[in-house]
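I'd like to ask you about the structure that follows.
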């Protein structure tokens, strides 16, 4: 049973390979009546496009999305929305160098182990290019969430050892540097750090952080489909992610209960709120009304230009030197993917949560009516 | 759409509340012919049972499991296996103190937000007692995996700031202390640390680590149901878990590609293996044949005896003093739950993976036959 | 991947065998706040209970249901509802006569082919007793539907060649005969017909019909989870059902379009309605507001007392004489199962349909808010 | 939760509207290593293409399929296969005549009731053109089944009152007439019958029958996902189908048990077989090794040229005269859709069934190994 489907109520199925004809996604379950244009989707795709700075691969593709179904007169119809991006830079290269070689840190070996063979061109289905489908679908989810007053924002929190300083944290700044760091000074240092690594033919890891604002309390499905559990799966499903933290994350393991619990108070309107947010906006797997905050630790790009030891699929040891230009860090291009996956997760759980209470059922379908004579 | 179902091919549905009549689980999809006895399940349940040391709650229940269906003449029949544990210590207490109060760090407020009301007795469905169903089902998954030569082992890696020393690491030692720490000295220090916190009416967080041995390469379903993604969801769905790391986890974010990539080599039998295991046994979301290693960071027990600020469901601020004896740390009792969830995840993906290749289909059903005249 | 789960939003998992410890079901996804008592469920179960007339098996069990979880203070909590009925008449009989024999018309041979062996006691999981779980869960669905003003009623339409006369059709009459036929005269003739068959050690087939009143227009999920498609699956999943018809059913195949189309008109309130209902209340897989009407053709009871030719599992031909008393017809006891399966199907699709429109999302979660600055 | 997904292990998601840009499907879960070419798919699509005879609509489109992903070097890779057919004849017509009118027998009214509005061009998503995705995916399933020695064949069994004579039944003949009737004489009479109806501006219903040969015993998942239940859903999900019969179908309701039971015997090789096949190849929801035989009753084409009474979406009564040329009968073009849906159902259940037995698990993954020390 294959795994290219995500979500239940807001469900997406992605398809496509790095050097096939294209990449796409079908969204099944987007409610009818959402205003949606090609621009809504292209805008998000443009943020993950390669070739935009010296820190991203030079593959130069416009990644233009086409909406092939599901929209009529500017609104979603409730039927499947098919989106596709045709590959335009997949010129037939000479793949003989990597055809039979297992690149370290890549999925070459494991795809062979699972399927018996693989599309070796540019990583095939395991390429980062696969995330185009996620981002395209995520743009629809973000539009839906926006109409409910929910905003999602992801950014680069750290590049190697260089981290955004909480005192200098300014979300607007993330749009001013290609690393998407909301701290100008850290971005500068990180750039220099990356240049150095690139000069050594090496790559660097980092951390993306994501915030969800405006999510009402009550979203998430205990006991297995908790909001944090679903987010963790969504984020770990992105290539290269090695850790997921919600709220205080790892620090919670070193804390005391007295410091980690968030005290409840009433705000000026008499509404329940939490004085602190160590929990990251989720209690018992259900949103608590505070901002949801999580982080993803992402490994260094596995494609590096320096010589590596490896083996071939027919069992010979060999040295490998990966040609071409690769992103020296995954994080800046991954932030928009993190945002997309968070949006898909939250949209799905919001729709699923509509069946939580009889009073909501009655709001849609009428009733309750007296059930005088039982069954 | 509710969330008490886990898994697709090896699917479980859990039910039950802390102070209802009992807790249980139905396992739908366990293959026919697996030898299984009540003892297989009870043995695992006994490891999560309360009242076993000064570091666990005094609720004293035998938690005896009954197999109600699905087994015939000592083997699974392929039909649903229903397991249940009746609650015996749910004497009708006076809940008036917590009935209307939102305990900080608990799901009281969020359950109300989601469902409109809640079973407040002992946390109801959000109680840690819910994990009985997971452990009971996990015992079946472990039995299945054992017959394939796959072993899973979880233990306490750290208690607050006290961590197992890699040099003293000895798995056998974990059975000699009630904290399940595979390092005698660390266990001693951790015990003292806990005593101190308890004296201050406080609680402590920690980290559980889990290893999966013998898993063949090729397990996991790109692109969304990757092995690490599914494990992350499984582990984050356990109450109190705030972070998940696979392999080097957070450290990978600070590493260079040259150091983080695991070089492939041939072993003495000519088999591909990795010289290191920074990846934690997973590449591209598929097992690579090396041990799978992951960690869960778990917050301090939210139930603490010291006075806390909170509010009531009808909007009054109030101070709360939680009575009774509670575990000062969740981790030691959670390790068996981590093991169970890992087993459920791996069993499900192993079964799902059987359809990955035509040659495996033919192994079961015969063929391939020439398809002379096509469709 | 096993098949004991039904439904997505209103999801049930059934378990249990004829001669095991019991039969049960877990309902995951019933919205919170539905008033529900043990009596609601027992009342429906009593209608499928054996031993109530000369036309049903003499197995005499009270089939008392226990609600083990999911209800608090008389209402559903939104968490899983576990229901179970313990078997009380499963005394250890001598099964040596049928242990190795494949009873014609039964699933003995196919269970062996699928699972490699089977629980042969009383048919094990393939026994009609399995439907207890369906009926128990169906009672909850009926209660939910009742609160929305939706009623479901199934009855025996024909016994062998004897059919209810439309001119004498009177739903109230079905409660006055044990065959649940809404036509006194037909019931009398059918009784005589059955007596005759029983005297010949034979059994008889028949047809159940079901009506769903009050279902609003708009329920059903094109293109695969259409209301009629889901009903067909639900009904064919009941043991012994060999055909499903919606509306005019088979007759539609002989009709002309001019006669089969239902003309739309306005009623006195200016509401759209159909002058006729050949479609059976469903157009394009979605309810159209007219009553939903469908039929299930059910085969004769396969357990007959006369001598039959068969084989054993180890490959010997043998004659078989099935001992004991069996229902001479399945239909009258199946009607309540048909009702239950219809209720489970409709409840699930109603809940699923809540996400069809943005305006319904906004009714629950607020908005729409202007999305001024796009993504 | 939308319904454009079918299948679990062999899962398809279809998309597209009659007069949008195109129609397509993504197949997620086809095992790796199946030889597959564009021709395999186009050949099946050509059979459902319009404009091929005087009994089909004149919409003249080549319906050329493109394989956009999932195939490498002539074989499936195990990753999603995206197929699409671009619409070429969807010239912008004047839809003002039907834009606001509810066509009797169509889904116009119910789509409005469900989604609040609809794509009215040519029926949008509810058009028969939607089945292109089913047929394209079905071609892959048929190829997979063919490699296992399983064949599926559907044909027209009756047109209005004219039925294939069992004595003249000859499968080869179905390829010689455009009605796909395996009886030359019946085909001739049916043609005349259709001409007459067309002259009266009317349409005709009929019955499609389908046979599945070579299916091994043991396929189907009790208790809800029985083979016949899944087939029933698959077939009823095709637009216009009003009844489903397996084996003797409705006739079983009139039979006696002694006549309806299929006696088991041993064949010349000592294998169990059934002397008759009233059951239609399925016992207890599991294939029994005999050919699976089922029928679908299909209503007359709802689009007829004669004047009909109807209403508009804004509540006015109106007469409707549907322009243009429409198929006078659905059945001949539906047979290939029936075949496709049967193939998708059987492929899915075959893959799902691989996890039924521990011995099959061990065949793929090795073992069983002794489980010496507990779990």
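Should a chain be cited, it is by its letter among A, B, C and D, assigned in written order, with residues numbered from 1 in that chain.
Everything below uses one rule, namely that a contact is a pair of C-beta atoms (placed from the backbone, for glycine too) under 8 Å apart; a residue touches a chain by one contact, two chains touch by 3 or more.
Note that this is a predicted model, so its numbers are computed, not measured.
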_By mean C-alpha position, what chain is farthest away from subunit C?_
A
*Sort out for me whether C-D or B-C is joined by the greater number of C-beta contact pairs.*
C-D
_So the centre of each chain is just the mean of its C-alpha atoms; given that, what is the distance between subunit C and subunit D in Å?_
25
*CA centre of subunit B versus CA centre of subunit C: separation in Å?*
37
*Residue list for subunit C, restricted to those that touch at least two other chains*: 1-5, 8-9, 14, 29, 32-33, 78-79, 114-116, 125, 216, 222, 351-352, 355-357, 359
*Provide the residue numbers of subunit A that touch subunit B in the complex, in ascending order.*
1-6, 8-9, 14, 102, 104-107, 109-111, 113-116, 125-126, 130, 158, 160-161, 197, 200, 202-207, 216-226, 228-237, 239, 241-250, 252-258, 260-266, 270, 272, 275, 279-280, 282-289, 297-304, 306, 308-311, 315, 317, 352-353, 355-357, 359
_Complex contact set, residues of subunit C against subunit B_ = 1-5, 8-9, 11, 13-17, 20-24, 26, 28-30, 32-33, 66, 68-70, 72, 75, 77-82, 84, 114-119, 124-125, 351-352
*Please name which positions on subunit B make contact with subunit D in the complex.*
1, 8-10, 29, 31-34, 40, 43-44, 76, 78-79, 139, 142-144, 146-149, 216, 222, 350-352, 354-369, 371, 374-375
